[in-house]
Structure formats: structure tokens, C-alpha cells
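To keep things simple, chains are lettered A, B and C as they appear, and every chain counts its residues starting from 1.
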Amino acid sequence: MTTSLFFVQLINGLQYGLLLFLIASGLTLVFGVMGILNLAHGSMYMVGAYLAWYFVQQTGSFTLSAVISAIIALLIGIVVERTLIQRLYRRNHLDQVLLTIGMIFVFNALQSILWGNDPLGVQVPDAMSAAIPLTDVVEYPVYRLFVALLCVAIAAIMYYMINRTRLGMLIRAGESNREMVECLGIDISRLYTIVFAIGVMLAAVAGVIAAPMSSIVPGMGEHVLIACFVVVVIGGMGSIKGALIGALLVGLVDTFASVLLPQLSSMMIYILMAFILLIKPQGLFSS
Amino acid sequence: MNNNVILESQVILETEGLCKYWGGLKALDDISLKFHDRELHGIVGPNGAGKSTLLNLLCGHYKPTSGRIVHEGAPIDAIKPYAFARRGIGRSFQKTNIYPNATCLENCSVAVQRRMGGSFNFLRSRHRQEVLEEIATEALEKVGLLSRRNEVAAHISYGEQRQLEIAMVLATSPCVLLLDEPMAGMGHEESQLIIELLKQLKQEYCIVLVEHDMDAVFELSDKLTVMVDGQHLTTGTVDRVRDDPRVKEAYLGQGDEVY
Amino acid sequence: MLFNNRTERYFVWVFFPLALLMPLFLEQNTFYVSKLTTVMIFAIFVMSLDYLVGRCGLITLGHAMFYGLGGYIFVMIAPEYEAVNFWVYTFYICVIAAAVALVIGFLVLRTSGIYMIMITLAFAQMTYYFFSDSLDFGGNDGVFIYVKPDTSLFGLSLFDLENPTHFYYLCLLSLFNTLFFFRLVTRSRFGRVIDSIHENPGRTTALGYNIFVFRLMAYTMASALGAYAGYLFTLQYGFVNPSMLAWTTSGSALVMSILGGIGSIYGAILGVLVYEGLHFSLEHLTEHWLLFMGALIILMVILFKNGIAGYLEKLLERR
């Protein structure tokens, strides 16, 4: 592997990892705060991608489409939490798994009713369609760099929110002690709604920005969900820091494996997971 | 009380410099104790003194940070939690810990079956061998629950559930009983029942008793250990400990926790 | 929850005689006979899952891994153009699947709760990608089986696997045996320990049981039976492909198990019958059957917690 190719793969891996982080952080946040394992989290990623495609068709602007999609996702999050997820807080894991499986079925059916089952694609926005030449033959698309930077920015905003704002303080308190938050006179159910909606929006935003880089197909949500599971299992469930490290690890391993060990590439992240489980059954950063 | 008997009886369980730290917090600091056969060893101390931590270490639930636990001459602090019970170290829990949906007999049968074997027999009915249920019934009889034999554990009274828990420990045929507040939350009459029971049991077993009910502890203990802030304060006969000025200070210093 | 034996007895006496006579009613209508055969096969699979989830408290979303492995192990070890003995290969497949389950279980059972759900799913996906990416096993198209095994036992061949009715009876027999087997296991001393672990693992450890070993045994046993179901499915349709390993297979099996009444074992049969019945009729009504199925599952979780077996029991108790 030449240095430049290595470099390209490194950025690819980081960029994929950061995108995974965006999705996995929502999953782990919802689990950490509310104790809910949302299997339909991947469906939100899919919904984001399809919404992005739809509104690009309608408005012609990717930016506008992204904003509308994010807002719709936020609304979906609020409605789903208020009508369904709220019933799960005192239920066991099994009920959570079933109900969210039911949600996956519904979202997949809606996707097929509204947008059909053919693969769709979104054009990379004109402003970012260029590529940066690295060497004479190797170049790197600007859009991918933008995605990586955007993810870093969102991660930084999340870090700021969780560590510096009142909402973040409540989230951290809710993670460690539910009763205490309730005793402080805070409406915990509103906090839950907000957290869930933010989680949904993060997944949908990831779907939106991933749309121009990959084709939009049925089942994309489940694919990404499983990758996120690997991420949070590696990083430790409920830990945002763990999700970041786990996502970057998975991103890099997956990318390099597809170049170096193409026969085993789609299995590599699971082998990584099994290996980490052997050493730390609760993940790298379990609380 | 005949002091000679105490001196002659054998040390069954022993801790040497036992420590348990939670991060920087010293829950238990350098505890060295000897527990004798056929003796009830009471452990008292204010809240947070480390009594429950000590029991959790003795039964293998926690691993010590440092120090040793010696059972019948063999160090056992490195063995797996379930192996403690197999060596005959049985415990009851502070919060009632039984199988609420099973009958009292079934609760004890689980305990008996562990040493009777056959747990990997997939095909033979669990009710086939009567010896097992006989031993389980004996354990129930010992604690006075024979009449509740076929009732579902969730449906008997709280006091009876505590008795059942002791019966389960007895059914494992232990040599050491670690009892964590067996009288917690009980009324006077129910407590009296347990006290009578423990008086009988200490003729046969080595008992380590953590209890908040001071009257009961004074009445029952052959030896008493006082712990404060995870540290050993004193150990001796009830009378000696009761008159120890340091004990009074420790309790009074804590303010409200006199009993 | 523990189901009373009366309901189960009624069910067994109604279901199995009916199932025995069913091919006569259908008068060689091969379509329905083979559809029912698939229901039986899936009921075996769901039953093994129900045992794990409902009886052992081990929630797995990766049980399809063994369902698929049952088929793939067969194509791996059986010669391509030669009829092998069904019973011998049943034995091979169960043993190999059990060995795999022992290794996977060793990793998976170190964790619990949510972690276990995710890890079992991840391992199942790993096998899914392994087979769907591999050229040796036909990738997404899977592998065809050209010759079905013969079922001679001591020179006596009871079933002709090419004949759908014969195959139906083989699966019915297998289903009955599986139910009977689980009945024995749940009533055994091993079952007593498993019940105890399910109800109160901490207490069971304190009584001196190594609960990891018991869970591993149960996991291995259920996985081997799951593989057996997958083997039957492979033989019925004459091919194996990665969709058998897909997470949706595990997911719908879990739904059927709950629908039937989790932990009731026999409820698995009810769950599969009702789910497949609904699936079949909805599929004929609308192409968007998935939407109704999803909505149904959500409603079921919210309203119908003890499944059909639980409902039947209430009915019987009232009378």
C-alpha cells in the first residue's frame, strides 16, 4: 500500500467512524438516560436518507432538504416517544425488543409504500462536488471531508451540551440517578422526550449526510443498526466517550480490512468485538 | 458461661488483614478475625462500619482488595463465588432473597440438590427421589415451617420468609452460617422466634451474625466484634465489649445510631 | 410465568390428533401440506428459542444463526450427489451445532441483559456475512441440495423425503418429540436449577451453583435443536441461503414466541400458527402486509402480554 493510498484509507476510516459515532451516540444516549434499547434506531437513519432524497427532489437544495429532514425527524422522535416508548419505561428488555421490532416493520413498510423499493441516489451538492488531488492519480472528494468535519463539529456541540449546559447536567444526573432528578422537581418525562428526540435526530442527520455518498436502499437501517451495536458493545453501553472510541475503531478496522483482507472484510468488526469481549465483557468504557 | 469450651473449640473461618477499597474509599481496612466452631460471633457497628462488606467478602460475593480468608486451613479468597457455598459457607441476605414463585419445599430442594447431585440429569423428573425432599423437609422443620411446606413462598408472611431463608442455608448443610440482619423489619414476637432458633443452631454451627437489634446480639453472642468506619475496634465477650469505653465513644460519636 | 399443565394437556390432545389427520382433509393438496410442514419446522425452532428466553431468561436475538447453520453444516459435510442417512446426519448436525454453541455461548453468556441481546445479534450477523460473502457457499443465492437423504433405520425406511406428506409426518413427529423433550427437561433436576437461575440468579450462586455452566448447557441444547429445525427446513425446500441466518428470522421467531405465550413451550406452536396464518392472509390482501404485522406486534406488546397460551389458561380457569 502506498503512503497516499494509506492516507486516503485513513481518512475514509475516520470519516466512516465519525458517521457511525453520530448514529451510535444517539443509541447509547437513549440507553444511558432512559434504559431503553431502541432497535428501530437504524430505521431513523434510513428515514433520514429517504427524507433527504425526497426534499432534494422537491426543493432542489440539499441544505434546505437537510434542515427540513432534521426537523421532521425531531418531530417523529417526539411523537414516537410520547405514544410508544413511554409505555416501555417500566417494562423488561424483551418488551423493548419486541416493540421496537414492530416499529422497524412499520417504518420499513412505510418506506416501501412512500418511496418504493428501488435504490435511490442523491447528488453531491454542487459547492462540494470537487475533489482535492493528493498525488497525480489519487484525489479525495471534498464532500467526504466536509462530512468528517461536520461530524466532529456535532460531536463538539454534544460535548459542550452535555458538560456545560443545564440540559446536559440533567442528562448526566438522569444517567446516574433517576430518582434524584425526579426529587429535584424536574419533569423527567419531558427530559426523556427531549433525549429521545435528539437521539432520533442524530441518526436521521447521519442518514441525510450519508445519502450523497451511498445509494439509498431498503434495509440500510438494519445494516447500520448492527454496526452501531458493535460500536456500543466495544465502547461500553451508555458511554458517549466509549461510542466515539468504538466508532473510530470500527470505522478504521472496517475500512482497512476491506483493502487488506477483502475475503474477511465484513466479518472483521465482529472478530474485533469478540476479541474485546474476551478481555472486557462490559466494553472499554462501561460505567 | 464456660470459658474452657470456647478456648477448646476449633477455628473454622479466619480473615487475615482483609481489606476492601472502593476506589479511594476504605470500606474495610485490615480486618483480622477468627470464627470458631459452635459459636455465635456477633458483629455490630454504626451504619457504614463495613459489616455487610465483611459478610460479602466472607461469602465470596466480593473479592478482597488485599488480605486473606482462610477456611479450615486453606486460603479461599481466590476461589469463585459459588465455590464458597460448596465449602459449606452459607449465607442469608439483608433483603429477603428467596424464590418467591416456588413452594417452600421447592426453595429448600434447590439447596439440597446442589450436594445431592443430579443437576445435570436432563430427563429424570425432579420429584423422583424422595430422599432429597426428605432432607429439604427436615430443614423446614428445623426452622418451624413444616406446616408451610407446600405454600408458595411469596404468600407466606415476611417473618416466615426470613425463616425460610435460614432453612435454605441449612439445607445446603453448611459449617458456617453468615447471617445478615435476619431480624430486620420483624416484629418483637417474630424476632423472638428467630432468637430461639439461633440459640439452637449455634450448638451445631459456626454463626457470624450481623444485626442491628442490640438486645438480640447481646443475648445471643458468644463473642462480639465492634467495627467502626471499616476498622476493627474490639473483639471479646459481650460483657467486656459492653463495658469498653471506646465502644461507647464510637457509638455516641456517631450521634443517633445507638442501637 | 408458569403455565398450568391442564391447558397444555388439552392443547396436546386437540392439536396432535388434528395434525395427524390434516393431510387426509387436504387430500394431497401439496401446497397446504408443505405450508403446514414449514409451520411445524418453525415451531421446533421457536420452541427452542422459547425455552431460552422464557425458561432460562436468556434473551437472544441471534438464534437464527443456528437455524441457518443447521442447513449450512449439512451442505458442508454431506457429499453433493449421494444420498446420506438422515438419522446419522441429524446426529452430526446436532453435535457440530452444539460445539459451535459451546464456543459462542462461552463468549455471549459472559454478558447479560441488553448486552447479551446485542452480542447475540452481532454474532448472528457475523455468520450471515460470512456465508453471504463466501463464494464457496454460493453467496446470497445459497446452495442447492440435489439429493435428499434416505431415512432407513435398521433396514426400515419409514419416510420418503421426496414425498411431501411423508415429510409432513416426519416434521410432526419431530415437533412432538421436541415438545416431549422440553417437557422432560423442564421437569428434571436440571430444570429445577434452570428455574432457580431464572427466578433469582444471585441466590442460586449463593447456594453453590455455577450458573454459567447451567446456562451454557441450556444454550447449547436449545441451539442444537434450532439447528435441527434449520436442517429440516433445508431438506424441505432443497436449498440453504443466508436469509435463514438474517436477523429478521430471529426477530420474527421472538415475536411468535411471545405471541404464543413466552415460557410455555407448547405456546410456540400456537404462536407460529397464528403468526404464519396472519402473514399468509395479510399477504393475500395487501402487498403492505408488513405494516399491519408491525402494528400488530406493537399492539400485542402493549395489550396482550401473556400471549395466546396465557389467554387460553385464563379461559380455562374461569370455567
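In the analysis below, a residue touches a chain if its C-beta (ideal position, glycine included) is under 8 Å from a C-beta of that chain, and two chains touch if they have at least 3 such contacts.
Treat the numbers as computed from the prediction; the structure is a model and nothing was measured.
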| item | value |
| --- | --- |
| Identifier of the chain whose CA centre is least distant from the whole-structure CA centre | C |
| Of all other chains, the one whose Cα centre sits farthest from subunit B | A |
| Computed distance of Cα centres, subunit B from subunit A, in Å | 50 |
| Centre distance in Å when subunit B and subunit C are each reduced to the mean of their C-alpha atoms | 44 |
| Euclidean distance of C-alpha centroids - subunit A vs subunit C, Å | 33 |
| Shared interface positions of subunit C, touching two or more other chains | none |
| Contact set on subunit A toward subunit C in their complex | 31, 37, 84, 87, 91, 93-95, 97-99, 101-110, 112-113, 222, 226, 229-230, 232-233, 237, 263, 265-267, 270-271, 273-274, 277-278, 281-283 |
| Subunit C-facing residues of subunit B, complex | 59, 61, 80-86, 90-91, 93, 97-102, 106, 109-111, 113-115, 118-127, 168, 172 |
| Footprint of subunit A on subunit C - complex, ascending | 53, 59, 61, 107, 110-111, 113-115, 117-119, 121-123, 125-126, 129-130, 133, 247, 251, 254-255, 258, 262, 288, 290-291, 293-298, 300-302, 305 |
| Residues of subunit C touching subunit B in the complex | 2, 184-185, 187-193, 195-196, 199-200, 202-211, 214, 217, 221 |
